[in-house]
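Chains here go by letter, A, B, C, D and E, matching the order in which they are written, and residues are numbered from 1 within each.
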Amino acid sequence: MDLLLDIASAILLLTGGFFVFVGGFGVMRMPEFFTRMHAASLTDTGGAALILLGLMLQGGLTLVPFKLAAIFLFLFLTSPTASYALANAALLSGVSTACRNETGAPLPENEVDSADSKPASKSVAKTSASRTSGRKTTAKQAAEQAAPKAAARKASKKAAKKPAGKAAKKPARKAAKKAAGKPAGKKS
Amino acid sequence: MIFSEADTILYALVIPLVGAIAIALAGRWPNVRETVTLTTAVCLAVVVWSLVPSLQAGGRPELQLGEMLPGLRIAFKVEPLGMLFAALASGLWIVNSVYSIGYMRGNNEKNQTRFYICFAIALAAAVGVAFSANLLTLFIFYEVLTISTYPLVAHKGDEATVRSARVYMGILLGTSIGLLLPAMIWTYSIAGTLDFTPGGILEGKIAEPLVGLLLLMFAFGIGKAALMPIHRWLPAAMVAPTPVSALLHAVAVVKAGVFTVTKVFVYIFGIDFLFNQPSHRLIIWFACFTIVVSSFIALRQTNLKRLLAYSTIGQLSYVVLAASVLKPLSEVGASMHMMAHAFGKITLFFAAGAIYVASKKTEITDMRGIGRRMPWTMAAFAVGALSMIGVPPTGGFISKWYILGGAIQDDNYLALATLVASTLLNAAYFLPFIFAAFLYEEDVKPVKPHGEAPWPMVAALTFTALLTFAFFLFHQPIADLEAQILVK
Amino acid sequence: MAVLGLYNYFIFAVLLMIGLYCILARTNIIKSLIGLTIFQGAVFLLYISTDKIDGGTAPIIQEGVENQIFANPLPQVLILTAIVVGISTTALALAVTVRIKEAYGTIEEDKIQEMDREL
Amino acid sequence: MTLYDQLPALVVVVLLFTAPITYMLRLHGFPWFSAMAAVVTSFVVACSLAATTIGGETIIYEMGGWPAPYGIVLHIDALSALMAMLITGASSAALIFGAKSLADEVGEETAPAFFAAWLLCTAGLVGMVITGDAFNIFVFMEISSLSTYVLISAGPDRRALISTYRYIVMGTVGATFYLIGVGFLYMVTGTLNTADLAERVGQVEDIRLVLVAAGFVSVGLAIKAAVFPLHSWMPNAYTFAPNAVTVFIAAASTKVSLYVLMRVDYAIFQNSIANHDIQLTFFLVPLGVLALFAGSMLAIYEKNLKRLLAYSSVAQIGYIALGISMTSVAGLTGAIVHMFNHGLIKGGMFMAVACLALRYRTVNVANLAGAGKAMPWTMAAFVVGGLGLIGVPLTPGFISKWYLVLAALDEGWLGALLVAIILISSLLAVIYVWKAIEVAYFGEPRSNAVPVTEEAPLVMLIPTWIVVLAGIWIALDTSVTVGLASIAAKTLLGVEL
Amino acid sequence: MITIVFSLFLLTMLVIVAVGILRTDNLFTAVMLSGIFSLIMAANFFILDAADVALTEAVIGAGISTVLFLGALALTAEYDRSPPVGTWVPLLTSSALGGVIIFATLQAPRLGDPNAVVHKHVAPWYLDRTPELIDVPNVVTAVLASFRGYDTLGEVFVVFIACIGVMSLLGRVRPRRDSIEEDEFDKRTDNLRHHLIPRVVGKMLVPFIVLFGLYVQFHGDFGPGGGFQAGALIAAGVILYSLLEGGPRGRELVPEWFSSLLVALGAFTYTCVGVVSMAMGGRFLDYSVLSHDPVHGQHMGILIIEAGVGMTVTGVMITIFHAFSRRGIR
């Protein structure tokens, strides 16, 4: 009986581990912020859930599985919320959806747009990679902080694009709509 | 007297301090202030002089105040040298007060109250130095004397006086803390005590080469004795008003210097111990060098007060020379010279002050024929000058006689030669001025025609001149008193 | 194998170096403060790596369990105190930084020094 | 347990007990009053502790009732009692003196926080001095440092903030060095109690860790004590802190770190490391000599009076460092006596400067001209303090110089050199003290400067003159200070009384 | 063996993060990395069998200190830094420091070797005598609260001073600030309002966080926990609430005067326990005199002082956060 349990928990743990690995790998490979964030958040919740389930099986009938269940519930609630908050804040603060190849070099046709997006997205990506439940509050905090940086950058972008004329007046949402149309074509 | 001797010492110290406070309180009423100064001076003199009879009988009054450091007490003991210095200082303070009243009024100087307060504190320090029983107490009052005379030297307060007062303070404080303090602490660490004991406390406790070093540290540590390299504070202090220069030169400061040197030689090293240490000859060399060089510089001086300053440097080195010859006659000669020089030099300074008050002249070159206008002042000046040279009717002769006797006893030809040469040099820079003052016509007209200086100044002048004669006549009791130093 | 035992101390030394370098080399005040937290964090690591004992667990004594080896509680107590001291110092330093920003308008030490030198 | 046995704990507990109350009650003027009451009671307790320990016996007080190496133990001997007296005395004098100048500089709104911080600074310093546990010294060092940062940052000038920041960084680095040192000691001995450490350090076979621990502790404490090369935080901190705060920290705070250095070096390392005294000499003598010359030279060319006195404090700390490095009874006595005397002299001088600052609104030496006539009593106090720095007899400075030179003389030729250095630096002290005195008494006040006519308020003058007269009294009758100091030196060196 | 592998991995991660902090120019990244640094440090402590310290480091190091840094960053609105100043002197001093330590610790006792001196002298006494003297399962709390209670008293006052310091620095009403434009700042803080989902989930979580904090507070005797961790956790809950709902609402939840009262009350309770034990004839902070049976007295003493510590730390963290957040809004 417990051999069966061991095998089941081993399978669960392995798949959970694989999910998290894929998430990490996705963050590395994805071209720009939103896709990278998408990869990280999904696998994070799923992987953690599987690992916790695997551990619960190991725990047997003591108090441990209930504690693990509590942790699972907590993660299950907070992790998606954190990812949502991050995405929302990024969208609001106008993180550009321009694509880049894996080495981070901007793709040829949209130099202007991506020139100033690189610093913002690089740093925000790194923070999303550090998502853990313990700092749920700080993730929200991070989102709220991302806004001021974007505001400053928006001002500079306005200045940079003055000669380009029409693009300067558009609010961030316009940039987001433009980006949504482009990623499909861009993925190499 | 009615109260015991220990109390006398205490009163001798307290009276000037109480006087200083009283002067401070009476600051706004000049007449009251002057009378307070005079009464304090007189009381101090009476109290101090009351100790003389018991001294002559060989008594040594003592007073212990308190233990400042474990094993070191603030204590006082009156012995002949101290008695002489204290009597001299308190006596001349009366004369100086009388004189300075005239001078201050004549020159209507500002913040005179500060002048009198610092004067009183300086006198208290001088008496403290005279009566101290150990080197620590002496050092304390020595420093108090330095600090209390700083405001006097910087009396005028303008840029020049402040700068020379800075030199005055720098050298005196520098030498005392830089050399005298370590020497004192070194003696304490070697001898275990600092008390002045006849026959010295360093007997056999210190090896040969170090004795010389310690001796030099003491000699140059006591900046007030104005040996050559550290003499510059004396001419710098000439910016002070004349009564202060008189105090500095004749009554307290320099006297404290040479007094300390003699006390250190006699009571710390001990005459016999020091005599058979070859390194004590160093001091004789320095003293002779100072005498000769200062006399040469005095020759070239035109400012009267600077001339007197350099002559003081010379005369001080007489006392140091006499003390370092280490013969009984020369020790007595040293103390006698302290007295003689005091009377002579104070007269000269009073005269210089009188001339300045009356004719506002300070340079010798334009003082030709002043003898006709101010006969009494110039007469006193002449007597003072003769005493400096050592001509018989004045006190200077007596002390030089003793010093020469000591030098012959030790057949120290260097000392003999220096004494003779300096006597000639003294004559060389005093006599031409006196002749010019009396015999020549007045070529430089004073600012306004003037007669003698105000009467209190002239009275003080003549009194001190008479003192030099009196010292010549009644020097014997003082000589016997000083001879007590030598008996073990 | 023996060298691995000293790995903690080696890391402690490296972290101290990084912390001190960050404090001294960086002119930005907040960056220096983060350097300071790293510097203090390294010391916590030193103390706690002394309390480890092979086969020991956290020093909580259950009734049933007999002859269980426990880790040494003393450094843990010291480090509890040190962590709170560290956070208090950081909080105070950050408050001062905010006031410096308002007073000087910048938190770069070299710029502040220039502004002071003009006075 | 009668009240008498509880005294060792009470000296700190009184202050800790009143601090939260001072912070909470926001009535007008109450914070100052409660702070002053607590500090004065603690001063009285410290004096009674000194009375008991003057006989040479040591009071051991187990905190929480637990025996020595397991619980924390208070270890009070003559030295700690003397230091406790100095700290609480300086604190109460500065508080009583500073009432008016603090009301002027620290607003009514932050007064509760300020005075609570003042109480805790005193508690931290006293706690450091009486405790017998190495880690406890760190905790109380942090209490006193943090509250000092708060006190300094309350200064009116904006530069107080940047100097507080620099003091925070250097202070924390120093405290962390001390912590590393204590950590290494703990690793090789397993205990934190100082007495227990002293025994067990001797039995440690590999000496390398102990040496490095000694190095770390000494460097950490040198930073906190502002010994010369590590002193850069101190001048600005003293200059821009509120005047009353400068009076207190100048008199007490750096001395406590020197006290801890002395206790650690002599109680723990002296009889355990082989040639510890040679190492100590090689560490402290160069630092001390450098401090003497650099401190005095910097003070001579300094325009701001408070920073001038701060640099002179750097020089005086050099004296104490020299005293400690001489590892002889006379040397240690000189160092301990100078700690106490310098506290008194510098406290008095900073009080005088605070009076000047209150009237002249500036502490720049140039525009204090004519202060001699305008504020005669304040300037007189400053002059007496200045003479104390120089070491003129009848001032405390003379006594400490006397012992330092006496100790240096038995060190042979190195000693003679030290004597020369000590005396040359006191001559340098003459220069910078006289520079200030000359400007004050003989300088002409500039035409545009606002004419100051009236003297400092009586409530500030009286404490100043009490401190000055106390200085002159302990210069005359040294039985208390030198008595306690020599007993402390003998206990530290293990020489029987 | 496993612990060696884990600690190797985590320690190297620690150094990598530290170097990351050093090299990054963007302060915001540096603050987030310092949060990660504390978290890895907490994991390290857990592996080294220091459960209490791991919890404290996680809550205070990763939670509170990152929030404080971000608060300060928001107020100073500083993004990038100027190039580093001359790097020779710092490099030299730090490498000298590192060299000395490495040289010294070559002979230090190996990690975890049982016959190290540290495990021989004072520690065994604590482990053997706690059940009999204080009878509290968690020996760390026993040592923290009773054996070395004076240290913890000192530490409570350190936290008390931090609060006093921040209040005296940022307490005063600030003059108009000109560094960040007025509207810019207000726009940024209230646009959190329409983050609907985080507000709903957050407000649901706050009670559980506070509940967990209280659990840790009173569970301190039995498992890892105690006043400091509990205080920080409760404060984290309140801070989360005021982050989501905006500063003014947060101050309604826990008003200014209440958190200051908590701070002073906590420190005061702790000292009062000591003074009471002195009054009842024992030494300062000697809990055994508090009631007839010494062990019961110890329990009571530890409970009260842990409560005092919890109150103080909660009050301090909340006051400091409010001081920072109130400073921004105008």
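What we mean here is this: a residue touches a chain if its C-beta (ideal position, glycine included) is under 8 Å from a C-beta of that chain, and two chains touch if they have at least 3 such contacts.
Keep in mind that this is a model prediction, so the values were computed, not measured.
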On the document's contact criterion, could you list the chains that touch chain B and likewise touch chain E? D
Max Cα-centre separation from chain D goes to chain A
Counting C-beta pairs in contact, which chain pair has more, C-E or D-E? C-E
Which chain's C-alpha centroid is most distant from that of chain E? B
Intercentroid distance (Cα basis), chain E paired with chain C, Å: 12
Chain-centre distance (mean CA atoms) for chain A and chain D, in whole Å, is 56
Can you check how far apart chain D and chain E are, centre to centre, with Cα atoms defining each centre and the answer in Å? 32
Any idea how many Å lie between the Cα centroids of chain C and chain D? 28
Residues of chain D engaged with two or more neighbouring chains: 135, 139, 142, 146, 149-150, 153, 180, 186-187, 192
On the basis of the stated criterion, which chains touch which? Give every pair. A-E, B-D, C-D, C-E, D-E
Note: in the complex, chain E contacts chain A through residues 26, 28-29, 32, 35-36, 39, 58, 62-63, 66-67, 70, 73-74, 77, 79, 180, 184, 188-189, 191-192, 195, 197-198, 201-202, 204-205, 208, 236, 239-240, 243-244
Flag every residue of chain E that touches chain C in the complex, lowest number first. 3-4, 7-8, 11-12, 14-15, 18-19, 21-22, 27, 30-31, 34, 37-38, 41, 44-45, 48-53, 56-57, 60-61, 64-65, 68-69, 71-73, 75-76, 78, 81-82, 84-85, 87, 89-91, 93-95, 97-98, 101-102, 105-106, 108-114, 116, 118-119, 122-123, 126-127, 130-131, 137-140, 142-144, 148, 151-152, 154-155, 158-159, 161-162, 165-166, 169-170, 174-175, 177, 179, 222-224, 226, 228, 313, 320, 323-324, 327
Touch list for chain D against partner chain C, complex: 135, 138-139, 142, 146, 149-150, 153, 158-159, 161-162, 164-165, 168-169, 172-173, 176, 179-180, 183, 186-187, 192
Using the touch definition up top, name the residues of chain D that touch chain E in the complex. 1, 6, 9, 13, 16-17, 19-21, 23-24, 61-66, 69-72, 107, 109-110, 113-114, 116-117, 120, 123, 127, 131, 133, 135-136, 139-140, 142-143, 146-147, 149-150, 153-154, 180, 184, 186-192, 200, 206, 208-209, 211-213, 215
Can you check the complex and tell me which residues of chain B touch chain D? 66-70, 74, 136, 139-140, 143-144, 147, 154, 157, 162, 166, 169-170, 173-174, 177-178, 181-182, 185-186, 188-189
